[in-house]
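See the structures that follow.
One chain, chain A, links the two complexes that follow: it is found with chain B in the first and with chain C in the second.
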Partner chain A sequence: MLKKRMDIKLILALIPFCILIIGFELLPAVSVVMESFTGNEGGFSLEQYVSAFTKMFYLQSIKNSLMISAVSSCIGIIAGLFIAYAITKVSEQTRTRVLMISNMTSNFAGIPLAFAYIILLGSNGIFTILFEQWGLPIFSGFNLYSWSGLILVYVYFQIPLAALLLYPTFYGIREEWREASALLGASTYHFWRRIALPILLPAAAGTFTILFANAMGAYATAYALLGGNYNLLVIRIGSLVAGDVFTRPQLGSALAMVLGLTMVLSLWINERLMRRVRRDLG
Partner chain B sequence: MKKGRAFPRVILTATLIYLLIPLLATLLYSVAKSWQNTILPESWTLGWFRDLFMDPRFTLSLWRTLWICFLSVGLSVVVMLPTIFIVVVYLPRLEKLLNVLVLIPYAAPGVVMAVGLIKLYSSGPVAIAGTMWILVGVYFVAVLPYMYQGIRNSMRTIRTIDLIEAAELLGASKLMAFRRIIVPNVLPGIRVSVLLSFSILFGEFVLANLLVGGQFETIQIYLYHRLSESGHLASAVVICYFLVILILSGILLALSGILGRQSTAASKKGSGQ
Partner chain C sequence: MSYLLIENVNKTYNSTSVLHELNLEVMEGEMVTLLGPSGCGKSTLLRCISGLTDMDKGSVHLEGRNITPLAPKDRNVGMVFQSYALFPNMNVYDNIAFGLSMKKKSSQQIKSRVEEMLQLIDLTEKAKSYPHELSGGQQQRVSLARSLAVEPKLMLMDEPLSALDAKIRKHLRTELRQIQKRVGMTMLFVTHDQEEALTISDKICLMNQGRIVQTGSPDEVYSKPKDEFAARFIGSYNVLSGEELSMLLAEPAYSKSAGKYALRPEAIHVKQNSLGLQPTSTSSGSDAAAHICLGLVEEAVMLGNIIRYRIEANGVRLLADVLNGDQAMKFHEGDAVQIQFDRQACLPLAPSGT
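So, the complex of A and B:
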């Protein structure tokens, strides 16, 4: 039997981990919580949260972030469902190639991605100029440095993520089930409606929460594309704590709490939903 | 049957084109001399790459980034191996707690992490904000979820507890058993998480920008500064950056048995956005 006695050396060996985790995870977390409940003049106060939820400027940044995350995640999920379905229908070789490229482009995010879109669709972008020359007004009303531009860029990193997260579920829907249901007289419509959809929905909803959290926390893409010019929650937090002009760390902390709680909530919902998917797929 | 096959192919082809266009555009832009109003550039040059490699700021920032990634991931391996080993073998009751601690960074976006760190380390006894040390610390935390998963799985595969029991029966001390048996057996199994962590940190921008900024210019920060100056030069930076990432993920794929475990891809939350 293993000697489970603890000796002093074992405890000592845990010290580096404890120092790092306390210094760079727990203390910063405690500091954010405490700061967020500190008033501008010091002392305990809910002032910062009141500002965050009543001042138009901050409220708008929260709304913008929620909207952009929700819309880009919806588009991501819909495209992802089709791609995930297609991935399960092609040959092994094609599948490997598609997965490899999706995986590769998932590294193409943040500043390089924003930059690529500036080359393509910015004010002097290749497509912008080309389409103008050809007289195709597809992008005439389109402005990359705006809400719709941000959505377009976010969708680019949401789609491969959605496809990668969703395609295992499509594999879970076995061919035998389709055969069995066909034998029992179900049409293709009935198969999708009664069997596939109930399995796919929780998986899609779970993936949605991941994409949503992903977009809420995305900073570099928006920062590179719009600098501080677009009012997003992450951008506001960044400039409140490390801005060039003036900083308000307490308010920044309160907004960081709002963002952090949104993330935790989405990941918690995801965990619940995925548990159901795993149960369904046995 | 044929009709059923065509639909998926169309979808996938469209997807690949969609995913590759921004990359291709960047690549073409980096070797284009002038590119105004044609589909392909009018003339070509490798001059942007030459300028780039002549720029000491670029080479310095590249080395800095490699160095800090190496340092943080190395620290993670050196600290996490014994920690997870001790908790798994001798303190199993603490495993739940450890699990929660290492998953927190997964839920906390970089901006949120930065807020607390700036407050703590801008002044006071440990004023390391603006130096590379604050980055090493926070990068250690940032890659915890991936490193923990890798080390824990690897320890499970080699059946650590059985091995240790056998070693102790044969008279090995704890330290000896850890050094001679556990470390060499676990290391091959964590190559994937090491490379994954490395490539995540290589593309990290948020923490570097907010915590250190221009005082320790990493490749991403360098790229950000170049964006406003020269588009062609910036795209050359992107291509170099992407080549490093490609090499890393190439090794990664080869190691993980080409998508034998989709979990690495799936569990990878978009990191650099």
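So, the complex of A and C:
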């Protein structure tokens, strides 16, 4: 009897969560799926997917998004690996501070980040003008409102995120492995090549997929910086769903499905790789 | 000539002396155990020998060669860690082969040596298993094989059995000793477990506060503890002051002694009070060296094959171990018993730290 009452209480406690999930996650997702399979004239159709994968304009947006995500994730993962390793070697006080800053900067994205960059490195940005006045026009040739500008802004939150995700893995590299390998005749190079890097690799690849998904889904930063001037998947979806000129929510839904699938695939790969990391370092 | 010679080794961490003017000699093929409580410096000594920790002063000679300035990889010393330290990304075969490949052996040589090692540790069928698929005991055997594979001149074992449960630990220490004898390997074994040290060693070095306080065969160290620390650490010795011994034996001569005396618990025979002794009476019985007096059982603890009694006799508390077998010799709390021991079993102890 008591158990039954407890069960009812637990179910009641779950109701707000279920409403949230159904109302804000499942129903919109189902709606996007259904919309994506709806033709321009209504009814079931693959027309939107055909448009998405055949029209150069949309293919270019997919390609641009994939490229910018891949490049910013590559830079993020390489820098993140070094920073994460350094984090494990500094004093506890420094580590706490670096982690705090990393945490803050990895979450400093979207419109505030874009404006911060515009103020600092835009055409009339503080550093652009300051360096020009000092006779060092190092930023005058740099265009923030371009592909490389977007990469720079993405990298700003990708690097700290990579460092935050990777540093626990470095703690998993046990000093005894290094000592055992040294006594067996291995040099530092051999230790990293044969033991540490193979152990780190799944975690690094897993982190890369997270960074990739993060960049693929970053909308506000790109929109605030470039508006509709750069052809990215997220910007195309935004303009097709809530554009100023015309809207095609069905095609927007099909592109959102493409975006969603790339992110699901990334997270699935991450889960598979992290399972191996947990096994090796557990 | 000593196979391993350690001379005047000093090591200090943050102004705390961990090893103090430590000297040690090990003969070829010997199994020597460094026994001592946690923090006494035994693992640090092992790390100094392997080169994983730098020492402040002193030298390590192996086979007559000074290896002090050499890097760990050039010392030809193997080490087995408490936590096994197997490489998780490699299977058993690759773990054992690692050191051989570092020494640039041919694939045929590697294969044959790894197979030999797998046979030695009886894990041939687990060659393709990864460390996480093995039990703790199996992992430790692989760790041993990995170190043995490169044929080190000296094997260091840093509490290799501590992470294992009691049954596997007992089994593995026997196996370890057999392997050591079979391959004739010189081993330096670190443990804080007295029973383990007594079972496995040719020689025990008892350590305390960065010093070796006593060295000898297991029998010597157990039956002739040098000082109070040794007596308390190596067994459950009764350590008595001169005054306590004087009260126990009812002989005032000992009361002026400043030293302490050790009496092994199994040297005290506990019997029924068949002589009808009174609380203050003592007797020598038929043997002049034997001392007999009345005691009162305060506690009886069953430790498997022995029963440990805490007995109060002449105002002195003693521990006495009796084999658990004879029903007639089982006593309970509050029983008056006759205790008997040889006066010569009371060993005078040197002051600790001398």
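The rule is short, and it goes like this: the second predicted complex is superposed on the first by the 254 of 282 C-alpha atoms of A that agree within 3 Å, B and C clash if a C-alpha of one lies under 4 Å from a C-alpha of the other, contacts with A are read in each partner's own complex, and residues count from 1 in each chain.
By definition in this document, a contact is a pair of C-beta atoms (placed from the backbone, for glycine too) under 8 Å apart; a residue touches a chain by one contact, two chains touch by 3 or more.
Keep in mind that this is a model prediction, so the values were computed, not measured.
Peer 1: Clash or fit: chain B and chain C on chain A?
Peer 2: Aligned through their shared chain, the two binders fit side by side on chain A.
Peer 1: Under the stated touch criterion, which partner chain does A:G217 make contact with: chain B (first), chain C (second), both, or neither?
Peer 2: first
Peer 1: Quick check for you: in the superposed arrangement, does A:N103 touch first (chain B), second (chain C), both or neither?
Peer 2: Once the two structures are laid over each other on A, A:N103 reaches chain B alone.
Peer 1: Between chain B and chain C, which makes contact with more of the residues in chain A?
Peer 2: More residues of chain A are touched by B.
Peer 1: Given Cα centres, how many degrees, to the nearest 10, is the angle at chain A formed with chain B and chain C?
Peer 2: With chain A as the vertex, chain B and chain C sit 90 degrees apart.
Peer 1: Please indicate which partner A:H190 is in contact with in the superposed arrangement: first for chain B, second for chain C, both, or neither.
Peer 2: It touches chain C, and chain B stays clear.
Peer 1: With the two structures laid over each other on chain A, which partner does A:A205 touch: chain B (first), chain C (second), both, or neither?
Peer 2: Neither partner.
Peer 1: Measuring by CA atoms in the overlay, how small does the chain B-chain C distance get, in Å?
Peer 2: Minimum C-alpha separation, chain B to chain C: 12 Å.
Peer 1: Can you name the residues of chain A that touch chain C in the complex?
Peer 2: Spelled out, the residues of chain A in touch with chain C are 174, 176-177, 179-187, 190, 194-195, 198-199, 279-282.
Peer 1: Would you tell me which residues of chain C are touching chain A in their complex?
Peer 2: Touching chain A: residues 50, 52, 71-73, 75, 77-79, 81, 83, 85, 87-90, 98-99, 102-103, 132, 146-147, 150 of chain C.
Peer 1: Considering the complex alone, what residue numbers of chain B touch chain A?
Peer 2: 4-5, 7-9, 11-12, 15-16, 18-23, 25-26, 29, 35-39, 75, 79-80, 82-83, 86, 89-91, 101, 104-120, 126, 137-138, 140-141, 161, 164-165, 168, 174-175, 199, 203, 205-206, 209-211, 213, 220, 223-224, 227, 231, 234-235, 238, 241-242, 245-246, 249, 253, 258-259, 262, 265-266, 268-273
Peer 1: So in the complex, which bits of chain A are touching chain B?
Peer 2: It comes out as residues 1-4, 6, 9-10, 13-14, 16-17, 20-21, 23-25, 27-32, 35, 79, 82-83, 85-87, 89-90, 94, 96, 98-113, 115-120, 126, 129-130, 133, 156-157, 159-161, 163-165, 167-168, 210, 213-221, 223-224, 234, 237-238, 241-242, 249, 252-253, 256, 259-260, 263-264, 267.
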